[in-house]
Amino acid sequence: MTDTLKIADKTFRSRLFTGTGKFSSSKLMQEAIVASESELVTVALKRVDLHSTCDDILMHLKQDHINLLPNTSGVRTAKEAVFAAQLAREALQTNWIKLEIHPDPKYLLPDPIETLKATEILVKEGFIVMPYINADPVLCKRLEDVGAQCVMPLGAPIGSNKGLITKDFLKIIMEQSKVPVIVDAGIGAPSHAAYAMELGADAVLVNTAIAVSKNPVQMGIAFKMAVQAGRLAYQAKLAEVNQYAEASSPLTSFLNE
Amino acid sequence: MTDTLKIADKTFRSRLFTGTGKFSSSKLMQEAIVASESELVTVALKRVDLHSTCDDILMHLKQDHINLLPNTSGVRTAKEAVFAAQLAREALQTNWIKLEIHPDPKYLLPDPIETLKATEILVKEGFIVMPYINADPVLCKRLEDVGAQCVMPLGAPIGSNKGLITKDFLKIIMEQSKVPVIVDAGIGAPSHAAYAMELGADAVLVNTAIAVSKNPVQMGIAFKMAVQAGRLAYQAKLAEVNQYAEASSPLTSFLNE
Amino acid sequence: MTDTLKIADKTFRSRLFTGTGKFSSSKLMQEAIVASESELVTVALKRVDLHSTCDDILMHLKQDHINLLPNTSGVRTAKEAVFAAQLAREALQTNWIKLEIHPDPKYLLPDPIETLKATEILVKEGFIVMPYINADPVLCKRLEDVGAQCVMPLGAPIGSNKGLITKDFLKIIMEQSKVPVIVDAGIGAPSHAAYAMELGADAVLVNTAIAVSKNPVQMGIAFKMAVQAGRLAYQAKLAEVNQYAEASSPLTSFLNE
Amino acid sequence: MTDTLKIADKTFRSRLFTGTGKFSSSKLMQEAIVASESELVTVALKRVDLHSTCDDILMHLKQDHINLLPNTSGVRTAKEAVFAAQLAREALQTNWIKLEIHPDPKYLLPDPIETLKATEILVKEGFIVMPYINADPVLCKRLEDVGAQCVMPLGAPIGSNKGLITKDFLKIIMEQSKVPVIVDAGIGAPSHAAYAMELGADAVLVNTAIAVSKNPVQMGIAFKMAVQAGRLAYQAKLAEVNQYAEASSPLTSFLNE
């Protein structure tokens, strides 16, 4: 199938992006990610050994042709984010960066002002910037305007597994955006991922829901299939939602004749 | 994989049941059903040529090893339903019957009283009865008590494509039922089908959403994958829904040290 | 205001019906009910002293011109319900009965079959029957056909405080019903009660949400106002829900001139 | 009652703020606003005759002791907003300003960056700034930090009448905010207004839903009551939402004895 997703200079066959946090072991993480067929995996800086490029697990993922996407999780300002991105570039030899700026320690919600500021700076420094943000359509346009390579609006607060509670705003973002829209945070079940794709998302990022499942490998497969199902449905066009019932079977009228 | 569904004497590998209504052509119907890998397909009596067992399309489906499930769509009373079931048994040489009794011509909602009455009679006459009903947990237990081989509660009014608006009641039904629970009506998107399976449904029945899509074959595949994804997720156990955020990435604290 | 509700031979100015269960004291119950201005209050048979007509609290409610509506809570069959209704008629000197038949001890969901059966019998015996049922439009029409004076579909499982999760079915019931529709069970907040009235309910029944509040008297007042607000809004007609935004303020264009 | 709301130097008995747009006549606007008992009413600059302080309608509202709150509806940048605020201050002799900056002509969604920038400037110039924004908890804290006197997060896109689709984020905002939280935009029915108040909002702003109703005066009363009902319920504390049913009536067990 030729339905691929292009971000900057990379082409992805899979529209399921994953993360490396919260798994009970590195081995299970690697198996689940491979099973999910994800080709882009976020890695927190803390996981990266900054004094060596030989982090074993990461090496394994790289050997599986999986792209590592360092994130700035934990930073609170644009300045910290820029510094973290530079460290990540050096450690992982990649100019891709997932920008996460959350001054709020409880809900970890992103800061729109600092995220725009950091995106502007990092784009100028040659980074491929993927900003994690609220489902704010105006902010998404502004990020696009300063050179973000995609936007990553949240579906619900991170780790809440509530699904796409921001769906009305996500629809507007998808309608307006000229860069890929990747739904991030809140996706707690394959049905949520399928729904995001049915709405027209270009990809989804799932971490917690796979990592904390009783069986992360099987859950990785479930998400892979759900994302594909949602994408196929989006292309094939879903039926309208109706207020009134419509019979699907022709009614048996001969009984009354 | 050994995860099969047993209803009466039949074993199904697929948990996606489909219908034959609303397709733009018989050829497209056949292709979509085959692509969906559905093994049980409802057929309205009207579609069956009662004077011959040689309805071409149905023959083709049978050759594809797809089981036909006649339905009583259009009947308004238990008496009419029993008569329709007997005709169907003769025409299609099957004692399986999907019971649909809807006196209401606008919303086509099922009648709980007549459905229970007809189920009792048909079970005594040797039918395998699959009743379509409201998501009414008490009615489901009563149908089980009189011998229904499964229950088929609705997710939303038929043809509405609204998804599982009855989810709170479906959960109770799944928790209590000793016979398979098949969610019928209202499923308008693969994400809805995945959700039904994640909740613990044994199968789903989808007709309109596949038939009226711009591309029924592709939509059939999408539903197949979504049902499998939901089932895998149900087995692997989903994470809890949380009120509060939880970071999925370890936070980068070195910046503050 | 002349907007009154008529059920059988009685006319109500208040569209808020209440209950007597779960209050921390009888005094608080009475104060809250009086504050709510409710004119119809359900009473469980157990609360009624069957050997005397002098239950003090009930006497007080009667002196406040509040109508007592005995309910059959706890019965599991039509036969038990008929017996309970007869006892209640004798004890409380009223032929009004709220019919609740729930064989299910955990969720207390109503039995559609037994409820229809009991309604038929009790109507013939001269009772004013107010049946508590699922939000099942076909069942509602059948109850109306056998002489129920109103229908009381549930909004959500009793005591769940989830609001009107059955709203799509309630709308159909309201559209079709020729007898008053009273939304019962599930109403956990004044906003839920207002919503039921906005949809077109003729009245709502609220018990738990008032009784278990920290301040039942104030909550009784809150529900009174919410019911009135919802009724006024229903009469004044609500604006349509729009997919797209519409400015409410004229846009300041002089800046661009 | 002593439950008043204080913003800057003003004290409000009513927690219902209203607007002046979309009414079919000025007379109806005035009557509806008076009936609603609202004490703060937004006015678009365009409505204000900038060459005279004698706009009749506005004079009437002032005589009814209703505070006028000019808004900057239609501006697209912080710069335009500051200019508009200065004009409004001169024309209406008030340093209160409702800040609305929406570069997006279709959905009229607010711009977080420009809104923060304008708030900072206007606070320094002595304005009482009431910013209209997305339901973005981090942005709300930043606005509070630069001196906004309240925050006005949206419930849904303006004019959509969809209610509080942002409720999960509104809850976080209410939990964190040290300035009043006023839910603005999206409130299409009294039940929505009651719900906002039950969640803990300090006030709501309603315009479209009153203005376009068939009977704006009656709708104004309905909103007034719903806001009061929601506030009373918030104070009296609502019952918890339960997964399982709980009987409200004591079950009649004597039948089984």
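By written order: A, B, C and D. Residues from 1 in each chain.
Operating definition for what follows: a residue touches a chain if its C-beta (ideal position, glycine included) is under 8 Å from a C-beta of that chain, and two chains touch if they have at least 3 such contacts.
This one's a predicted model, so the numbers in the text were calculated from it and none came from an experiment.
Student: Look at both sides of the subunit A and subunit B contact and report whether the same residue positions are involved, with over half shared, or different ones.
Tutor: Looking at both copies, the contact residues mostly coincide.
Student: Sort the other chains by how far their Cα centres are from that of subunit B and give me the top one.
Tutor: The most remote chain is D.
Student: In whole angstrom, what separates the CA-based centres of subunit A and subunit D?
Tutor: So the centroids are 34 Å from each other.
Student: Counting in whole Å, what is the centre-to-centre distance of subunit A and subunit C, each centre being its mean C-alpha position?
Tutor: For subunit A versus subunit C, the centre distance works out to 46 Å.
Student: Using the touch rule from the top of the page, what residues of subunit D touch 2 or more other chains?
Tutor: Only 107, 109, 157, 160, 162 qualify.
Student: Per the touch rule above, enumerate the chain pairs that touch, sorted by label.
Tutor: Those chain pairs satisfying the definition are A-B, A-D, B-C, C-D.
Student: For subunit A, which residues are in contact with subunit B within the complex?
Tutor: Within the complex, subunit A touches subunit B at residues 19-22, 42-47, 71-75, 80, 83-84, 100, 106-109, 157-162, 188-192, 194-195, 198, 207-209, 211-216, 218-219, 221-226, 228-230, 232-233, 235-255.
Student: Which part of subunit D faces subunit A closely enough to touch in the complex?
Tutor: Going through subunit D, the ones touching subunit A are 102-104, 107, 109-113, 116, 134, 136-139, 141-142, 156-157, 160, 162, 165-166, 168, 172.
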